[in-house]
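Here come two complexes built around chain A, the first alongside chain B, the second alongside chain C.
Presenting the complex of A and B:
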């Protein structure tokens, strides 16, 4: 298992986000590789395989079809592929960060970067909240199933907003309650902006962090050079070797 | 560390006239274990919030009087400082965790206090051995049972080593076996000379640990007993105060006149013979480790059957299977034909619409307003028909959920822990509702840890363990057996 410093993960996420949105597909592939490999070390075989095949299909499909005239429906399909191939790497980076970063590591990392607790604590609460949202949402969908309210039925098609209401109102009510109880519990246990926390898990930079940093910076540099000279990355690499 | 409340009044609003606490004076000595009992809304939780500093530092309101921890006044220090002296455990195990994994959670409080990592590791090790938590280390908290979560919560405050422990209804979601573990944890704290304050409805597990039981009523301290004194006054007396029983064994004594003739209607007759039969209820996330293996089980139609067994025995999975929320397609189809409805433990999840009436009409086809009002009337909800369901009290919400089940014409209604965290009077109200439903010909299946509820309204008992039914018996004449099964003896 390879553990990265939380700061490295943050850097990875930022680079992945900035490169992927505006760059050609090669970069998204380059950025996809990092979290995918790291997740393999976490033994998430199935997950990586599923994501990788979906990504590959979308990316190849998009590259193949983007210049063709495919008609109206085809355009819809191609733009979906584009969306998947461009957004997926962001998704997988975020998934990796969420899966592997503990709340205390994250807070320790942030405080080492001198980011004030007032910013860190709400962010940490947000990370903590995602699993709760899924948990609650699952319970609510069970309740709806029992009522016979289905996502696709004549009734919901007639009135698509009701389904949103049925889903969101109970979710919001229970999340507000949990959020309030959570902050009460956290403050009785001394989590207030003024504290100077320690962290049981040692954090710090290691070789693997350096590798990720160098890789990310290399990708970024390539991206800037290519976007200036309008060359493709393949040209640069072939120029280097010729 | 002593706790002193001097003439404290508190109101959650701006005006002291609608105070929840009125002129309370209380002295709790160092090393004492004190139980604050009383009906819901009596103000006992507010007292616990005064001690852990949430009032006046977190909740705003109007306060008069002083709360002293040792010689420090809580209004002069910060929550962070109070957290060094006072450790709190709350009712809902789902919402007191900040971390996703157990190890970080136990360390969390210490980290906030800025204790050195080596010292934290040493403390965690000690807590883990004291509380026997070895098997819970390195686990995802979202995958733990309610009882396990509550143990982790206790461990987490224990690691910070405060002088005072405040527990706010810690046993509300726990089975009797875990409740006994909780009592052991409190004993450990007491043996170390810590002060323990427990807010609780269920008193039986605190019988041997508590030094004093303080009865709070309508915002003031009504009386005070030692556990032995209260026990000697008998069950009828405690029940009249709205408190749960002191001694579970005494509940099991046969021929207790009061348990079947209490207010809320008589039990429907047991003469009906037809049964609802379920076959081949099996479920597994991983085929090698089946969670549930029940070849066949029967529910007598029109009667109330209790399902007991400790946390993690597969009771909730059984309920979900019976309600068609999990399982194979053929199982779901069979269940749909039967018509089942689940009243969840957290009823907030199953109320969707803008008014109580809409909630009932939603599942009705054809929509019949007068029939809906009739259902609401039978559950004492008619006057709330136009209210928003989320604006109601917990018990009322539960009845709205029941009404929606009744209106969709389901014959089998399954309840998941309908009385967790309720005081005696509220429990009786739930039990009365269950009896009303049974009298209307509904078949009820109640998952519960609550011996008093079972004794009050159930006909049959099914005992589950490790995904199997280990025992099935009619309640009448088997009261003792019930108590023993609940305690897992």
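Presenting the complex of A and C:
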């Protein structure tokens, strides 16, 4: 198992997000590789394989169809492929960060970066809450299916506000209660923005952090060079060697 | 209870509760905003997508407003987190600056008008300007935005965006639809708050 420093993970997430969203497919694949390899070390090979297959199919489909005028229905399909090919790499990076970073490690990392607790606490809660939002939403969706309330059922098509009432409000109630419990637990443990926390987990940079940093900076540099010169990375490399 | 004397200083426990609420509702706002804005990937609905964002996010936003004790810092943090997320996802620094400014105005609305319906309603309308501003670079730096979109979307979608950027009326329509969504969403949220959250003591 390879353990990265929370600051390295944050850097990886920021670089991956900024590169993947606006860069060509090759950079997206390069950034996809890092969390995929790290997840393989976490023995999540089934997840990585499923993710990779779907990503590859969507990315190749999108690259092939994006320059064509495919009509209205085709645009919907291409948009879906675009969403999958651009959002899945971000998804896998965020999945890796959320799966492997504990709240106390993240807070300790942010504290070492001298970020004030008033910013760190909401960010920590937010990062830990994304999976909770999806889990709760999934559970509520299952419960509503048992009552025959689905997203595209006759009842919801007749009155779309029922979706708000049957899906969003239970989600809000549930999340608010979890939030209240969380703030009580935080207060009980003495979490106060004015004081500095201690952390039993050792936080520091190691060889693996340096490797990830160098890799990310290399990808970022290539991306900026190619976006400035309007050439692909393969053309630039072949020009260098010719 | 009115005879109880206090120092006037709010407890740090309520500050922690406020910060936790900011985190929870920021996560929810980003998720709901992202889901409801995906309608904008259909070219015909680009302009209308801001309406769906404001409409869907109005209820959680009203609940968020009712649960915070320090409106200005909490709203600035909330909007700052959203702006920061957009900055990381490739939007310019302008979006981050707009988010902070909107957060300040939203917080001021809650502080000076109060946390009643009028305050929450006006704050929600101001907040809708933040999500509507996501399309602003299409008019402020058209070529860069189209170049950015070209790497992500198909030719038909980019052509539609280019057509929209020729005139400033779509920009007005984007903001108008955002405000319309917040106006309708605010009324729905008021009903929902009375019907559900106030009854169970969550608001």
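In this section, the second predicted complex is superposed on the first by the 218 of 242 C-alpha atoms of A that agree within 3 Å, B and C clash if a C-alpha of one lies under 4 Å from a C-alpha of the other, contacts with A are read in each partner's own complex, and residues count from 1 in each chain.
Going forward, contacts are C-beta pairs under 8 Å (C-beta built on N, C-alpha and C of every residue); 3 or more make two chains touch, one makes a residue touch a chain.
Being a predicted model, the structure only gives us computed values, none of them experimental.
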Partner chain in contact with A:76 - chain B first, chain C second, else both or neither: second
Touched partner set for A:126, first chain B, second chain C, both or neither: second
First (chain B), second (chain C), both or neither touched by A:200: first
Touching partner for A:191 - first (chain B), second (chain C), both, neither: both
Touched partner set for A:182, first chain B, second chain C, both or neither: both
Chain B versus chain C as contact partner of A:140, first or second or both or neither: first
First (chain B), second (chain C), both or neither touched by A:18: second
First, second, both or neither for A:161, with chain B first and chain C second: second
Partner chain in contact with A:173 - chain B first, chain C second, else both or neither: both
Chain A positions touched by chain B in one structure and by chain C in the second: 124-125, 165, 169, 173, 177-178, 182, 186-187, 191-192, 194
Chain B residues touching chain A - in the complex, by the definition given at the top: 52-54, 58, 78-80, 82-84, 86-88, 90, 92, 94-101, 103-104, 107-117, 120-121, 124, 142, 156-157, 160, 320, 323-325, 341-342, 344, 346, 348-353, 362-363, 390, 404, 408
Footprint of chain A on chain C - complex, ascending: 12-13, 15-17, 19-24, 26-28, 30-32, 38, 41-44, 56, 59-60, 63, 67, 73, 77-78, 81, 88-90, 148, 151-157, 188, 192, 196-197, 200, 202
In the complex, chain A residues that touch chain B: 102-104, 124-125, 128, 131-132, 135-136, 139-140, 142-149, 165-166, 169-170, 173-174, 177-178, 181-182, 184-192, 194-202
Contact set on chain A toward chain C in their complex: 13-14, 17-18, 21-24, 65-72, 74-76, 78-79, 82-83, 86, 90, 118-119, 121-126, 129-130, 133-134, 161, 164-165, 168-169, 172-173, 175-180, 182-183, 186-187, 191-194
